[in-house]
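In the two complexes that follow, chain A is the common piece, with chain B as its partner first and chain C second.
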Partner chain A sequence: MSNRARMSPVRTGFVHLALAAYTLIALFPVFLTVINSFKDRNAIFRSPLQVPLPSTFSLIGYKTVLGQADFLNYFQNSFVVTIASIVLVLLFGAMAAFALSEYRFRGNALMGLYMAIGIMIPIRLGTVAILQGMVETGLVNTLTALILVYTAQGIPLAIFILSEFMRGVSDDLKNAGRIDGLSEYAIFFRLVLPLVRPAMATVAVFTMIPIWNDLWFPLILAPSEATKTVTLGSQIFIGQFVTNWNAVLAALSLAILPILVLYVIFARQLIRGITAGAVK
Partner chain B sequence: MGSLQLKSIRKAFGDHEVLKGIDLEVKDGEFVIFVGPSGCGKSTLLRVIAGLEDATSGSVRIDGAEVINTPPAKRGIAMVFQSYALYPHLTVKDNMALGLKQAGTEKSEIEARVAKASGMLSLDPYLARRPAELSGGQRQRVAIGRAIVREPKLFLFDEPLSNLDAALRVQTRLEIAGLHRRLKATMIYVTHDQVEAMTLADKIVVLNAGAVEQIGSPMDLYNKPANLFVGGFIGSPQMNFITAERLPDFARTGVKTIGIRPEHIALSRDTGEWKGKVIHAEHLGADTILYLETEVTGLLTVRLFGEHRYVADDIVFATPDRAFIHRFDANDQAMQ
Partner chain C sequence: MSDADMTELDDIPIKRPVRWHIAVFLAPAFIVYSAIMVLPLIETLRLSFYNLVDGVPTFVGLSNYRVLFGDLRWSHDFWNALRNNLIFFAIHMCVQNPIGIALAALLSTPKLRFVAFYRTAIFLPTLLSFVIVGFIWKLILSPIWGVAPWLMSLVGMKSLFAPWLGQSGPALVAVSLISNWQYIGIPMMLIYAALLSIPEEVIEAAECDGITGWSQFWKIKLPLILPAIGIISILTFVGNFNAFDLVYTIQGALAGPDMSTDILGTFLYRTFFGFQLQLGDRSMGATIATVMFLIILAGVSFYLFAIQRRMRRYQF
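The block that comes next holds the complex of A and B.
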């Protein structure tokens, strides 16, 4: 909200300029991907910055992608993996965060630190060990393998963010629940979770995007035709010598849509949570 | 039904002892107030009674039954919190009904009890609203309603009025007093405000640094404070304390400090025991409060009833009413 008494027009102008510049930089590659996905091959190379004209407009990329019967399957795989991972991350992350923030027990702070270390150490360092483990347990080329890895990857940040928020939930409220006879589970699910919903939405967004975009683990753990995700599936159009750019760009443009829908859903949760009104 | 016995309740957080052996007997239907400065352990004591905090040692009996290992919901208590602690996502009605639903009470019974409580607290127009749509006073009434529907043996109030503004505080105070008369329930109430304590309580428990300083009726505490702390804590403006060194006839009898309440000092422009100068005068209409600097006693507060025309720098003489002088020994205990 701009306030004329506190913000001079010049300063406001600079702020907007910076924001606009950032937006432009962030959106430009997306814009480029989308416009080029609607052009024919020649136009992509001849004038990559031009929007599709009637003469250059072509849906050949989308036809190629959707013509590949497997592509719907790839989308489904991405969806299953992302949604299942988010659900597990939120559930277990929130539970651990509740325990860490609510109960005083020996080693509480140490445990919290141990959990937070996961944020600093990239899970990819353990790829070889993870692959060995998956081979041993026969989980290679299953979506379960991906879900397990992504859950492990997302939980540290979830615990870190959620435990901070849960410390902010009024003790009186939880105690009122205890006096009313709510079990600790009921307090967690019925009092605390609704109150930290904005934080849950934040965690969901932070967790979702790297999972959806990941190429590394699908390539290593689940490269089979049946378990390919969209990002991995798009790679079939990238060859060593020839790359079907129409198809790659179309696949990437399509891959933006589901994640956009999920984002809108979570963002609405975020706003609803903020306006719900807390204890006082 | 609704008596409470505490026996040598101790509570320590690590090495820090918050409650140092509290004994207390509360009879059925009594309105007992825990009062003391912040950090004296009064809220912790209330939480121990509620079962929200485990005592390190000691015994809590409600209606004669030991409850130290009973969860809060099964102790037959209800609690009203300073922050109201209403469930933000439930309507007023559901807020009040949750505890009963959880206990498996029949629907018709729940309806009847909620209706009765909301009638008592004039909450009927708000039953379908959520806490966020209510004012502070209304929220506190909902919190009280939530306690009433449980029909508890003990009502516990944790500084319920401190978040309300002054006018609302007086009004809610009257409502709580009325409620106590109507329900004839046992109530335990924590506050740091001695005015609340004096106006509501049948019995006041003055706590300081985790120990009971004195237990008694409001007038007992006012007229016969057991020690220096209670004398200073009860009464507003505060009791004047004068070291006996300045008053030889008291020092001879072994008195260390004397206390005299501001309202028990007479003032005159011509003659009197202690000559002094007015530093500041507060004209409140019903009262005039004067701060004097006297030669014998140092700073002295005097409370006169009605309007008086003293102003700063006036020379006056103060005379304490001998019958109301409190004597304290070297251990700060009252001397008879």
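The block that comes next holds the complex of A and C.
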């Protein structure tokens, strides 16, 4: 890094200008929603771009949302589904990735190809039969149905990314473990898994986003009040309150909040995962 | 390579017992994936050849497809959805991916400050759900609120403002651009990672030869990240031909105005699940899903066999 040619300050300035401009485009809508959710109705329309002042500050939207819809429950459902799916995807995906990258056995390439189909072919196309299967097994309107679907959806990409990383784990280390009498399971859980942790974080983030944001499967498999995820819950709530701008803006802000928190926690992990992949 | 050869040599003389651990490692992923993903997909393809005859599911051959392509009402809706989907995809390829690549190139400028901040901020919309994105933009573009006209008046283009989401011509473009705004983070991140993985020595060699700045990007970096560009293109293709949520959130299941934003995903949803007066039709749903499957399969095969194979990969 040190002996790179220096950039002229003017060029650096232009780079900053361009990036800052796009950052503004990316953040402005979110900013606008959040500041207006704290204002009273008149202020929302009179001066949409002003931050809430003491005279225009109002929590009426939040009161409506929390009084009308069971957002706490929706959040809980989303958390349960997302976290359970990520754990299963990481565990099952890492195990299969280890088997495919570590051992040579008949059908290895075929198995890898079979698993890779799911990276490109979206699981949504099987919805007709998935719904039918869930109805037959009585899993409709349960969180289990969503967890199973999201696990199946996440496994192919997890295997793909993790096996790339596992090939990079030194064979000497694993063989040293074998000589020390570690079982294959111990080698996987105690030697290999800790070494691919950055890749696991990358997979976790890539898996998390589509699960948290999915509207299709909650809408079709689990639309009941008790199993609504926050994405489906806010969709329906906002649809009903479309003319109550305070409530809509508050509901949107509430839906943004946990993603922001999760992102702040995971952003560093994601970057570390990507740069670790890049170093390799 | 030498590692693999060695393992092979080791394998031959020693007769190993059945290695059950391989099966144990593979089984959970294999079972869940097969049961929830592969088998339902096959079953869906099979269902497209069946329909209810007097209330009994019967094999009807290709007659579902004949209805989809031959019946005037169905084929009109299908071609409309397919055409809109192609436009949707084209806009992503022409707007989202080039801007994503440009942002990644800017971000990878050496010794740039605040990179983490820019990256985090630009990736943020990708994390938001379609519901949030859809409604935020619906509010911003709403003529009632007046934020969009006000913003356009800043650059002197207020007269050009129109309630785009409500007009059947611009609505599809507006929805596509909203989707671009949301997903620009994905090409940006993937290309950024690819740019970071270009070894220092290559860049230094280029600098020694006096190739810097723009020409360095075009001549050195771009050829090296072509595989990553191929990947984002095929990801965009698959994502677009399977999109549903954003259109559903902004325009509803009828994909208004006048079905001008109807894409295959919303068409499948309406057909399979029914909407308002239209009853859900499982067989036709399966038929549309099969057609979508074939479209995606064709795109993916084209990428794998025609593009990826010809692409030169550089090993460092």
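Things worth noting here:
Everything that follows uses one rule, which is that the second predicted complex is superposed on the first by the 214 of 280 C-alpha atoms of A that agree within 3 Å, B and C clash if a C-alpha of one lies under 4 Å from a C-alpha of the other, contacts with A are read in each partner's own complex, and residues count from 1 in each chain.
Criterion: contacts are C-beta pairs under 8 Å (C-beta built on N, C-alpha and C of every residue); 3 or more make two chains touch, one makes a residue touch a chain.
Nothing here was measured: the structure is a model prediction, and the numbers come from that model.
Of the two partner chains placed around the shared chain by superposition, neither chain B nor chain C is touched by A:81.
Once the two complexes are laid over each other on the shared chain, residue contacts for A:195 go to chain B alone; chain C is not touched. In the superposition on chain A, no contact is made by A:203 with either chain B or chain C.
In the superposed model, more residues of chain A are touched by C than by the other of chain B and chain C. When both complexes are overlaid on chain A, the residue A:267 reaches chain C alone and has no touch with chain B.
By the touch criterion stated above, A:90 is placed in contact with neither chain B nor chain C. Residues common to the contacts of chain A with chain B and with chain C across the two structures: 277-280.
Looking at the complex, you find that chain C touches chain A at residues 3, 7-8, 11, 19, 21-22, 24-26, 28-30, 32-33, 35-41, 43-44, 47, 99, 102-103, 106-107, 109-112, 114, 116-132, 135-137, 139-140, 144-147, 150, 181, 184, 189, 192-194, 196-197, 200, 203-204, 207, 212-213, 234, 238, 242, 244-245, 248-249, 265, 268-269, 272-273, 282, 285-286, 289-290, 292-293, 296-297, 300.
Across the complex, chain A meets chain C through its residues 1, 3-7, 11-12, 15-16, 18-20, 22-23, 25-27, 29-30, 32-33, 44-45, 48-49, 88, 91-93, 95-96, 98-100, 103-105, 111, 114-115, 117-118, 120-130, 132-133, 148-149, 151-153, 155-156, 159, 171, 183-185, 188, 209, 212-216, 220, 230-231, 234-235, 238, 245, 248-249, 252, 255-256, 259-260, 262-263, 267, 271, 274-275, 277-280. Interface residues of chain B facing chain A in the complex, by the touch rule stated above, are 47, 50, 52, 71-74, 77-79, 81-89, 98-99, 102-103, 130-132, 146, 158, 163. Interface residues of chain A, counted against chain B in their complex, comprise 170, 172-173, 175-182, 186, 191, 194-195, 276-280.
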